[in-house]
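Quick heads-up: structures coming right below.
Each of the two complexes below includes chain A, the first together with chain B, the second together with chain C.
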Partner chain A sequence: MGRRIAVLVFPGTNSEAETLALLRDCGGEAELVHWSRAQSLPAFDAYVLPGGFAYEDRIRAGAIPAHDPMMDYVIEGAQRGKLVLGICNGAQILLEAGLVPGTGDARRPTAAFTHNASRKFVCTHVHMKLAIAPSRSPITAALAEGALLPAWAAHGQGRLAASQVHLREIERGAHLAFVYARADGSVDPAATPNGSALGCAGLLNREGNVLAIMPHPERDAWNFNHPDLREGRNMLAPSGGAPLFASFVAGVQRS
Partner chain B sequence: MAVGLKIPDNEAYTAQTALERLGIPLARVERSAIYVFQAPAPADELAARVTRNESVFNPNKHRLRVLDANAPRSGEVWIEEAGARWADADRYVGWRLFGEGDRPVDRATLEAAAERLLCNPAIERAHFPKNEEER
Partner chain C sequence: MPKSLALRDDELRSIAERLGREPSQTELHAFDAQWSEHCSYKSSRHLLKALPTKGAAVVLGPGEDSGILHLGEWNGERYGIVIAHESHNHPSQVVPFEGAATGIGGIVRDIVCMGAEVIAVADPLRFGRVDDPLSHQRYVAQGVVDGISAYGNAIGVPNIAGDVYFDERFDDNCLVNVVAIGLVKESEIIHSFAPPNADGWDIVLVGKATDASGFGGASFSSVTLDAADEDANKGAVQVPDPFLKNVLMRASYRVFEMLRERGITVGFKDLGAGGIMGCSAEICSSGGFGAEIQLRSVNVALEGLPPEVIAVGETQERLLWVLPPELTPEVLRIYNEEYTLPQIARNARAAAIGTVTARQQYVLRDGERIVMDVPIEFLTGSIRDELPYERLEAAPPPPGRAFETGVQLDELLERVLAHHDVCSREPLYRRYDGVVRGRTVLARGEADAGVIAPVPGAPFAMALSVDGNPRMSKLDPHLAAQHAVYEAVRNVVAVGARPIGLTDCLNFGNPRKIDHYSELVAAIDGLGIASRAFATPFVSGNVSLYNESKNGNAIPASPIVACVGAVDDVAQIVTLPLKRAGSVLYLLGTPQRALGGSVLIDVLGGSEPGLPSIDYDEALAHHELLLRAAKAGLLRSAHDISDGGLAVALCEMAFGTLGRGRAAIGVQLDDPFQWTHGGVGDIEALFGEAGGHVVEVAGADVEAFEALADGVTGVHEIGVTIDRPVVAIGPQAFDLHWLHGIWSQSLAQVYV
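Up next is the complex of A and B:
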């Protein structure tokens, strides 16, 4: 049997279907695990936390699910080196759980993806650019240097915020995995849709096995998801978002 | 001004459940949106400003309370998020925790609840009662 990936479903998660579909398209042996089956999680080799509004964002986005029993297993697995990918609300949960950037103790967050600078929900097409050496993480190891991925940003709370001390830790510790960029790959503040500190679109932990990204590459994985149908009439042609998932699956299979 | 729910507050119940899972047993939790206006004005004028705004007050589910003081009460912590304002008012989320005998919890319990769940210090600041004995 191959390496198994659990796609976690909390009450309020809503992106599990496309996340599961893309993982499988990329060759991953993935299945959904609902909160009522938390005890099955130790048998999996990697975890993906999809987007949504887990527990209705009560208290803060990600605050309640970070204390869900499912996260006991995710934290334990991450500390043992299992690969973990969080997308959008999944990323918020990883920060609230203290796994990313991982500069403090578990469940003692040192940063947050919080309200956008505009205080409004953003739904827009973006590009996320790899800002670390691919080999820094097994999750990104199969990407090209400076890889540019199309994705959809769809969040009200996607702005990285932290104290100046912790932002310096993020920069110096190579935690800044992805930044927002223009379609030509150039990086400037105007490409950041939410006022995120450091132009951050994704954060990595110190060990490199936990990645939290705010945009949704799984929503721009097939041509029918892409804004200009650049692959013509072939609706199921790859549209650019899949390489990160393919790299994650490859990392899981190597682990 | 404090705006709380007069219908069951699911979010407060979720907070209570999560805090109990963290080893902080509680009888109940009250949650309210706190507005502290910067410009001095009569209480009834400020109350009218709040109750006229449908985005912050719905008479079918909310009740308004005029604050005795611009500080948390016993057993209450106010969570301030940078940039969270409404009009010319500072906005906080107030959490009041009740323990055994339905009495407001002590300062240590309140601080533990804030540290472990209610406040993310990366983006928020917790305000506690200024003087527990006097309040």
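Up next is the complex of A and C:
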């Protein structure tokens, strides 16, 4: 029996289909778990929180779902070392739940992904670059040093905001897992689509088992998502952002 | 409830006559909704009958909530594309955010109720002048985009196509059309009528608690807008709830799964115009039944709503099932317990509210009291208005001389690229999630049509484009309607997709004015001509009339057409950006001495007679050539020629190479005289909008491409791609970054 991954569906989640599809294409044994089946969560070995607008982004994106009973199980699992990946709205929930950067208590957030500098939703193609040593986290262990992943940013609240004290802690504690970069891999503030502090695209907790990323690698994850750039290859094969999911699945299988 | 009726005196008389008594308050409001143009198509249905609706790919033509086209087969399953096309013009003019949001909300239900998953939406928009930051139209243009963004993003459906035009004649009436696309296995289509064995079945209402919003919405959209009625108009607009819709859609998909397992045929329909009454009457009467509804069983948001409000109010986010009674408890369980609707929105739920009856009456009860009791076919049967019209004169022909202007080429390019109908649409579409669901192949801005590969593991894909040019339709609605079809088809062909079907939304003025009605008649005739010529039938559509304000300012005739294309293999898709230097550029198209309706004439401030004509035989031959070349892998890029002409098309193909982490590619266009041979002037060759495509062919493939093109007229070698960031026209070279700056900044000032 392999290790099982739960893809959580909150009321308002909207990216469960592509998240599930890519986990499976990367060899993961994954299934959707709806909010009315929260009590089945402890039986899973890892959790993925997909994108969407859980509980309508009321108060602040991620604030209400962080208190959904499903998160009791995720927090407990994370504290016991299970791997957790949050994407976009899932990332916002992990921050609101205090799991990432994890420099405070559970459900006492020390940082947030909040309103873009433009105050507007933005959907644009980006590149996210690995800013930690791959071995720092079992989730990124199979990626190359400085790996560059194409992805789509699609969010209204993706700007990292925290006090100076906590931003320093994020930098010093190697919590800054991914930064926005240009297509050629150079890091440049102009490549950040939302005004995020530190150019942050992804944050990791201290223990390295919980990763929160704002862009969607799972939406640029098969060759057909970019027929232009991947001419002549098998259009149905995973590519682009898929290596991060593959690395996550490998980490889960080792765990 | 401050709401007046739109029913006319003669209609009121015929109701009283048929019932043999004065109608009740509820009946009055029911007929008011059901006999509005919005529901009954009374002045357009007989005209629309002339449109071709049959073809090899048609699975379901017009008549239900959506049409269905066959896309492809995979693992022994046939997959259909479900398509619907709607307008939300009046509401969006009054309250832009809610109007545009509920436009998406409504059309998504038209797709869901066919048993389909919603996989894409598209938005054709028409606004008035937006230059003044304090104008109502600026507010409308921003609010509409915000509304589309807020709703579409939250429900998780990618926005993959659309267009936008700006013209002063939309100042008092913006147009907000929306197209939605679904995917369904053809063996699992659910119809919007009660099945033949449905006598005694349950009528189950699901969704948001009924409130007083959207009361009078159907008739509101079927009268001219009067600024003095602003408050009453606002009350007629519905309130969107994308959060509830997100859950409602997913819960409905779960019900589809359950129905598949049990193999039961049921009826499912969206609540739109006319609310509970309109939906339940139509789903039952189209199955040959009557209905009896208990209004007290409806879950309401507040107590004390009058029966007519519960019956015809247009509260959003509701759908209606016709179910065998033994299935009802399981459906209620899925919505109310598994998907916890009552916890998602106050008093939202699924509830049985009535019964399908063999007796052909439509009966509404409010407790013991009967508030409506009418023959169902009288309520829903097609009423028809015969209105007078005249055959429109064709626009005067183009002049027989080459167009001359003293303005220099750099200034022409600058003004055309900055024109609001030409410049980059990114400031709008970057606000829409174009990639949710992960199946997007080409998002907006990447090509002429949006492309989705909807079935995991299957190589086929669906392309979508929506078009309709108001500058042309101001001059000649008959020819402009043909151009709308031609452009939509052309855009789909440009990505290497075979056009398989069309939908239309006919946005016009007041049909009771002979000149407006004559435009409608002429446009429908034009749509039929082009649809037949391209062998692309219409499978669904919508009519939006009375787009006129009380001061008489009416919109230009606006037939807007969507085209669906099929791609057998995503590997054959062609995109817009130039790929490499050293390729040969071909024009597939014949420039004409006809600049009427062009952007060029608009920026020069004059007027010019004569729209370009369409040579259907040549266009078909070009499309065939392009598709065969794409299939053979001979095309590096392709782009259609429309607003701004060839010059703009070439600029856009070069713009597509910027910001991709590699060197930009430019264009060297031969002096137009070399390939027009003086048939038209240089200005017409560069800025004419007669249609056609530009394609990029690798030097090594030129021979194979020309062999395919052998015998095809109107194929011109016009230049090459170069490794310098310029667009050069003959001896004059223009800096690509300068051109791109003009093109990309123009609308960014409106959508900051």
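Operating definition for what follows: the second predicted complex is superposed on the first by the 248 of 255 C-alpha atoms of A that agree within 3 Å, B and C clash if a C-alpha of one lies under 4 Å from a C-alpha of the other, contacts with A are read in each partner's own complex, and residues count from 1 in each chain.
One rule holds for everything that comes next: a contact is a pair of C-beta atoms (placed from the backbone, for glycine too) under 8 Å apart; a residue touches a chain by one contact, two chains touch by 3 or more.
Values in this document were obtained by computation on a predicted structure and should not be read as measured data.
A.B. asks: Kindly classify A:I64 by the partners it touches after superposition: chain B alone (first), chain C alone (second), both, or neither?
C.D. replies: first
A.B. asks: Of the partners chain B and chain C, which touch A:N14 in the superposed model: first, second, both, neither?
C.D. replies: The answer is second: A:N14 touches chain C but not chain B.
A.B. asks: Which holds for A:R136: it touches chain B only (first), chain C only (second), both, or neither?
C.D. replies: A:R136 sits against neither chain B nor chain C.
A.B. asks: With both complexes superposed on chain A, which partner does A:R206 reach: first (chain B), second (chain C), both or neither?
C.D. replies: neither
A.B. asks: For A:R3, is the partner it touches chain B (first), chain C (second), both, or none of the two (neither)?
C.D. replies: neither
A.B. asks: Applying the document's definition of touching, compare chain B and chain C: which contacts more of chain A?
C.D. replies: C
A.B. asks: Across the two complexes, what residues of chain A are contacted by chain B and by chain C?
C.D. replies: The overlap between the chain B and chain C interfaces on chain A comprises residues 55-56.
A.B. asks: Once bound in the complex, which stretches of chain A touch chain C?
C.D. replies: Of all residues in chain A, those touching chain C are 9, 11-15, 17-19, 21-22, 34-36, 51-53, 55-56, 120-124, 152, 154, 156, 182-184, 216, 218-222, 224-225, 227-228, 232, 235-236.
A.B. asks: Over in the complex, which chain B residues touch chain A? Could you list them?
C.D. replies: Touching chain A: residues 10-11, 14-15, 18, 21-22, 81-84, 116-118, 120-124 of chain B.
A.B. asks: Which chain A residues qualify as touching chain B in the complex?
C.D. replies: 55-56, 58-60, 63-64, 67, 96, 107, 109-112, 114-115, 119, 161-163, 166
A.B. asks: Can you tell me which positions in chain C touch chain A when the two form their complex?
C.D. replies: 149-150, 153-156, 242-243, 246-247, 250, 337-340, 343-344, 429-442, 446, 453, 456-457, 459, 461, 569-571, 573, 575, 577, 659-662
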